[in-house]
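Input: one structure, supplied below.
Letters A, B, C, D and E mark the chains in the order given here, with residues in each chain numbered from 1 onward.
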Amino acid sequence: MTAPPSAASTGRTDDSAQQRPVLSIRDLSITFSGLRALDGVSFDVPTGGVTAVIGPNGAGKTTLFNCISGIYRGEGDIELAGESLEGKSPHARAALGIARTFQTPTLIEDDTVLANVMLGGFSQTRAGLLSHMVLTLRSRREETDLRERSAEAMDLMGLLPLAAARAADLPHGLRRRVELARALVAQPRLVLLDEPAAGISHTEALEFADLLTGLAERSGATLLLVEHSVALVMRVARRIAVLDFGKLVVEGEPSLVRQDPRVLAAYLGDEAES
Amino acid sequence: MTELWQQVLSGLGSGFIYASLALAICLVFQGTGAVNFAQGVMATASAYLAWSLVSNGMNFWLALVLVLAASFVLGALIERVFIRPVEGSSPLVMLTVTVALLIGLQAVVALIWGDDPQQLQSPFGGGSVEVFGARLTAQQLGAAAVVLVTLLLAGAFFRFTTLGLRMRAAAQNPASARLLSIDVGRMLALGWGLAATVGAVAGVIFAPTLGVSPAMMDSSLLLALAAATLGGFESRGGAVVGGLVLGVAANLASRYIPGIGSDLQLVVPFAVIFLVLLLRPQGLFGRVSSVRA
Amino acid sequence: MTLLQLTGVRAAYDGVQALHGMDLAVTGGEMVALLGANGAGKTTTLRAISGTVSVEGAVVFDERDVTGWAAHRVARLGVGHVPEGRGTFVDLTVEENLTLGTLARGSRLRGQVKEDLAAVHELFPILRDFSRRQAGALSGGQQQMLAIARAILGRPRLLLVDEPSLGLAPMVTTEILRSLRVLQAEWQLAVLLAEQNARRALAVVDRAYVLESGRVVASGSAAELRENTAVQDAYLGAEQTGRPA
Amino acid sequence: GGSDRREAESGGGAQGVTDEAIKIGGSFPFSGPYAVFSNASQAIAACFAAANEDGGVNGRQIEYTAADDAYDPARLTANAREAVEQEQVAAFISFGGTNVAIQPYMNESQVPHIVLAGNAEFSRVDEFPFTHAWWPDLSWEAEAVTSYVMDHPEEFPAPEIGLISLNNTLADSHIAGIEAGLGGDAATVFPEENRLRVEPTLADWTSQLNQLQAAGVNVLYMNPGTAGQANAIKYIDEIGWPVKVIVYSGGTSIKTNLEPAGLDAAEGIYGAAWLKDPSDSRWADDEGIQRYREVIEQYGEGADPDLTFTANGYGACQAVLSALESIGDEEITSEAFNEAWMAIDGEESDVLVPGADLIAGESGRLVHDYQMLRFDGTSWEDVGELIDVYESGITE
Amino acid sequence: MSGARTPAVVRPPAERDSEITVSTSHALPPAPRVGLRTAWWTAALAVVLLLAALAPASVISDFQFFQLNRVVTFAIAIGGLNLLLGWAGTISAGHGALFGIGAYTTAILVADHGVPWPLAVLASLVVGLVVGALLGLPALRLGGMNLGLITLAIALLLPPLLTRLDWLTGGPFGKTTPRVEAPPGLPFSSPQWLFLVNLVVLAVVFWLLSNMLRGRMGRALDAAASSRVMAAAHAIPTNRITVAVFAVSAAVAALGGALFHLTTRTSTPDSFTFLLSISLIAGAVVGGSRSFVGAIIGAAFVVFVPESLGGFVDPAAAGQWQQVVYAAALLLVIYFFPRGLAGLVRQARNRLVRRSSTNARSQEEQS
């Protein structure tokens, strides 16, 4: 069963008529030297909660994220809460409330964890160059506020004791948490998480799952998640989109997706039984 | 029309100097991530060496071979002694080290051989030939041929030999290269040695045109840097083409663009670079290193 | 016959101790897992063996004391390492990356390059399809496949694999672990793999060590560890027993 | 405000002069691309040393010390300040067009400032009475040479003049001189587009030469005296361009300028000279040059006596010595030195071309005689008479 | 949050040698403000320099003030350059030229238009800002090394341009301006007065810049320098910021140049060659490109070290030896202090502070 995008979105409108999808993707395609990394992908991300994108390696998941955050320019249309992102630069999109983490965690290596997390607040602060130069009241207040919010985010991620540690010294797993805290500080509408649980032990991955659901509830942000840990995905996702060879294979409730034969064949294999 | 042709050809002539220095600069950059400001003065030292040998009665070509070997060793030695302590540092630190090398080596050259300009006789004789109405000296033709061969050899080395592949790997990701049993230190030294050799070809073969003096390569170095930028620091072929383009562009500009003149002839190459880089930030031939997030 | 022996190995980054006296041994042709939580020291142990972190103590490989050796010399003895973060040569093509792998093998096996390459392509068809592409353009999982393939092509006697499952689809991980098992048998390849995912690792390996804070806190055969609920609960997380999440 | 603490504290009187000694400072490029000019400073030191050996100047020893400026105006400025303020020198000798940067300062400090440069701006004695150039003004030379060209149609039929000049005030001086020599014909004989400027580091002038050749130039002036000039002479010979080349006085050294081009290639070129070229075999038996060689060999500490720069410094030193000597027993002050310099009239010099002497003109420059030369393949030969810029009305 | 297991080895740097303590009351590290310590040190330094500035001629001669003025004006320019080298992660090979543009702007305004020098200096700042913004435009497309090499163009082209535009710049003669005198009634010589002025400017500029870098802007620059993609993903308009920083950096360099001109009083085209740009870079690296104290140290290095072999030399080779020594000094500093000499100062300062605080503590204990 293919899930025609229109059907999927109609279904949702029935569920929650007043809720517009936070993100809607229409016929998104992109080609790299002859390779169609995304091929006419359309689906909606409902507002709130966690939506997951899964699929085999090279299916186009990261590419999808890159298109949403504006690093790649694909064909087709992407709308954030009804507003088209067409022609918007990556930083403009981020300013609209799209935060993300990277498949390979990317931090300012020489800075402290705190400074890395505070970076997330860039779009939330306004004081300009001159204002910072002469230390106006406003610039100082913004800095203090940001520090407090960053502290909260770090606390949430269990990073507070490491606030002054150099990012470069962190083991792999913790780097991801720094990224996540950084994304939260931006108070985003939509957070794109690219394999946040990779390299985190299974136990922690499940704890992490609870953390994510909690986050989604508390912050009101919608989380869009790419993850290979099926257990985690099944636990947290409200809806799941499955990509394979750049095409959307299935989109729907976890229970549905889990049983879909094509998903089993292309991706889950015997994993589905666990 | 003849003059235009003549100007194009003589522009190519000087372009070959920039091209070979630019190639040497690229080799070092790809190897160690350093923009080597000392590349020019290293070539100068090679030219002086050749001059010493030739003025003591050695055959030019024999001297060239000896000098190339010596330059290779010198280049590798410089890497081991001066660059190794800062291996893997930021490009800025590297650049400063090579500037220090430039200052120091230039003084050392002057201390060894004096400041007086010297002359190396052209191995191609003093004649000239006509090429479709333009006059080219035997030296110009011969030098271009030698440099061309050098550039092709160097290109082939990197493209087709496994040693070349190892060197590229060591340059790009030293940590991984080590895990694949590549002796990164040796590769870097090799890269500097090769670059020094390519530079030495330029220094020696163009010495009859440039005169042998401590400052002989100064202006060529700057144009070579420009050429490398134009071609893309990551692209060896690009650097070569960049050098040739710059040579011709500078010549034509100073001649034909009113108000430019030879004092401001650098305006044009830089304008060219500027335009090219605005359209292709990675340089004419540079590949976009895929930004993957 | 013991292929690798670590005795009292300590390792430090910029003066910060990460390993506090590791003892560990791997026999030729054996498959061993290093298990433990984030920051336990799995990666550092592998680095200590391949010579990419400064160590004290004794690392003996094939009866040679390789402590403090430069990484490329250790590699030459037949130690392959799939590093954390994959170590792709992003500006080289996939093909060139693989060639570099084959260049690392001893001269004895040079003749076999073609067959081995074919075997690797069999395992990861994508690497053949994308052989002319820049390796940096590959997806995260594809790069992980490339890293493993490259290390295998070096025909090492000991293969160190850092989190093979990282970023790989579940099916692929299973497939890779199975293939390692096959290679281990065919090539007398010893494998030491660091894994978060204890359940999956314990399903394929012969033995395992459990690390915490830079020390071995438990070790034993895979079967033993699978059964030992105390260890499971303390270090590997309850869910490893196969209880539904 | 006490704006000059130095004056307030050192309290009147000429600085740098005691009953035993006179302090003289110098600044030359001992390093960098112009380092070869430091030979001039070596020669100055040698010549002073020789004078000290002979009892000094009116019983006073000369203490000469020079610093390296690498031809960098900033370092020249620092050297000048240090010499004037810290070392308290009585006079300062320095090299090159960069001296425009310190001219105002030296004149405010009222310390005699002897410049080894041919640029016209060092002739402005009205504005800067304490700055004197030892080299003659290049514009005089250019005018004299141009007059020679125009007066000898049998050697220079229908001249079309081109110029390749260093891109600094030398170019202005040179052009001014040629224009003066041509009068109304300047625009046709020497059109704007034939006046090319090159940076000193540019060694390959093929483009410029191609351009001038295409423009029909048959008389080519060159003043850089750099490696580029030697290459140009060679290139002209190789492509067989029958142009008459005239090199300026600073670029006529057989050793420095012609040998690099190949003496064969240089055969037939013209030059103007006010100094004897010590590397020219024709002066081997010349008394002045022999004296000069003795001094350099004895006191020169490695200076190359074959270089014109060396002879040049030696000549400058002799001029300074004669000014100091002519002050006699009077108090040696800056003003006295200036007056003595301006009063030099008919002094001999070991290194000037035969028949030439030193006369301070209105511009404060001492050299006023030029000899046109032609290179015969081994040696320069005189062509035409000695040209005196005063007598020929080029300047006053 | 139970997922937040504290890892064993990573600890805040200060606590590294002690055993791990997972504290429950997690205090944030102190905000990187101008803390008391820094203020104390800055004040002490200021007092020393001020005393120096007031010293009588027998202690510091006018020539020495002249040299110090060169150092301070270079330091200002290097401070500006540091914005690019240390924070924006790019290289400018054109700051010598911007320095020259500042010098010439002041020279022309003062010499030809009778503008009072303080106004002329401000004008230089503005001109620098504008030129810098234009120069920064290529940064919209280029990063790092390429941008740096484009700036090479302005370094190479400025001297011939200055020569060419003689109606404006006085051609090769350059421009000379009258001496800047202290206000009537103040007992300062001209170089001494300028030293005071320069010091104040240096202090103000460095204060402004470090404020700017400490907060939002500094983080944004660091992010852009480490990964443009990552920076953009945090709403940082990397292009605009790069241009802005380029402009500020250029303005500061031009300001340094303007003050430099007041010190030397004559500017000629040859004063602002490519080598000056290179010297500024060397100074920045030697001092430490992320430190303003480093800028001062680096400036002193490039002013004094090349002239160090006694200044007055006799044998012809001494000039060359001097260069060799300079090169060797540069290399040694880089090898032993890859983050610049400022690191050395910081260490010494920390040690001093620590000692004084332990002293204070032990005194407390005794009482």
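Everything below uses one rule, namely that a residue touches a chain if its C-beta (ideal position, glycine included) is under 8 Å from a C-beta of that chain, and two chains touch if they have at least 3 such contacts.
Chain identities (UniProt): A = Amino acid/amide ABC transporter ATP-binding protein 1, HAAT family; B = Amino acid/amide ABC transporter membrane protein 1, HAAT family; C = Amino acid/amide ABC transporter ATP-binding protein 2, HAAT family; E = Amino acid/amide ABC transporter membrane protein 2, HAAT family.
Not measured: the values here are computed from a predicted model.
The minimum number of touch steps linking chain D to chain E comes to 1. Most remote from chain E, judged by the distance between CA-atom centroids, is C. Farthest chain from chain A (centres taken as the mean of C-alpha atoms): D. A count of C-beta contacts for the chain pairs B-E and B-C puts B-E on top.
Chain centres here are Cα averages; for chain B and chain C they lie 43 Å apart. With each centre defined as the average position of its C-alpha atoms, the distance from chain A to chain E rounds to 41 Å.
Chain A and chain C have CA centres that are 30 Å apart.
If you average the CA atoms of chain B and of chain D, the two centres end up 36 Å from each other.
Residue positions of chain D touching 2 or more other chains: 31-32, 35, 38, 167, 199. Shared interface positions of chain B, i.e. residues touching 2 or more other chains, are given as 107, 110, 263, 291-293.
Each of the following residues of chain A touches two or more other chains: 62, 69, 71, 102-103, 106, 169, 171, 173-174, 204. By the touch rule above, chain E contacts chain D in their complex via residues 57-58, 61-63, 66-67, 70, 160, 163, 171-174, 176, 179, 181-190, 192, 264-268, 270-271, 273, 275-276, 306-307, 311-320, 322-323.
Chain contact summary for the complex, chain D toward chain E: residues 1-6, 9, 29-32, 35, 38-39, 41-42, 45, 65-68, 70-75, 77-79, 81-82, 85-87, 97-98, 100-105, 108, 119, 121, 167-169, 172, 199, 301-303. Remark: chain B residues 2-3, 6-7, 10-11, 13-14, 17, 107, 110, 114-119, 121, 126-128, 135, 137-140, 209-211, 213-216, 218-219, 250-251, 254-255, 261-263 touch chain D in the complex.
Those residues of chain C that touch chain A in the shared complex are 13-14, 16, 37-39, 43, 84-85, 126, 133, 137-142, 144-145, 163, 166-172, 174, 196-199, 236-240, 242, 245. By the touch criterion stated above, chain A contacts chain E in their complex at residues 69-71, 89-92, 94-95, 99-100, 102, 106-112, 114-115, 118-120, 122-123, 125, 127, 129, 132-135, 139, 142-144, 147, 151, 155-166, 169-171, 173-174, 177, 182, 186, 204, 207-208, 210-211.
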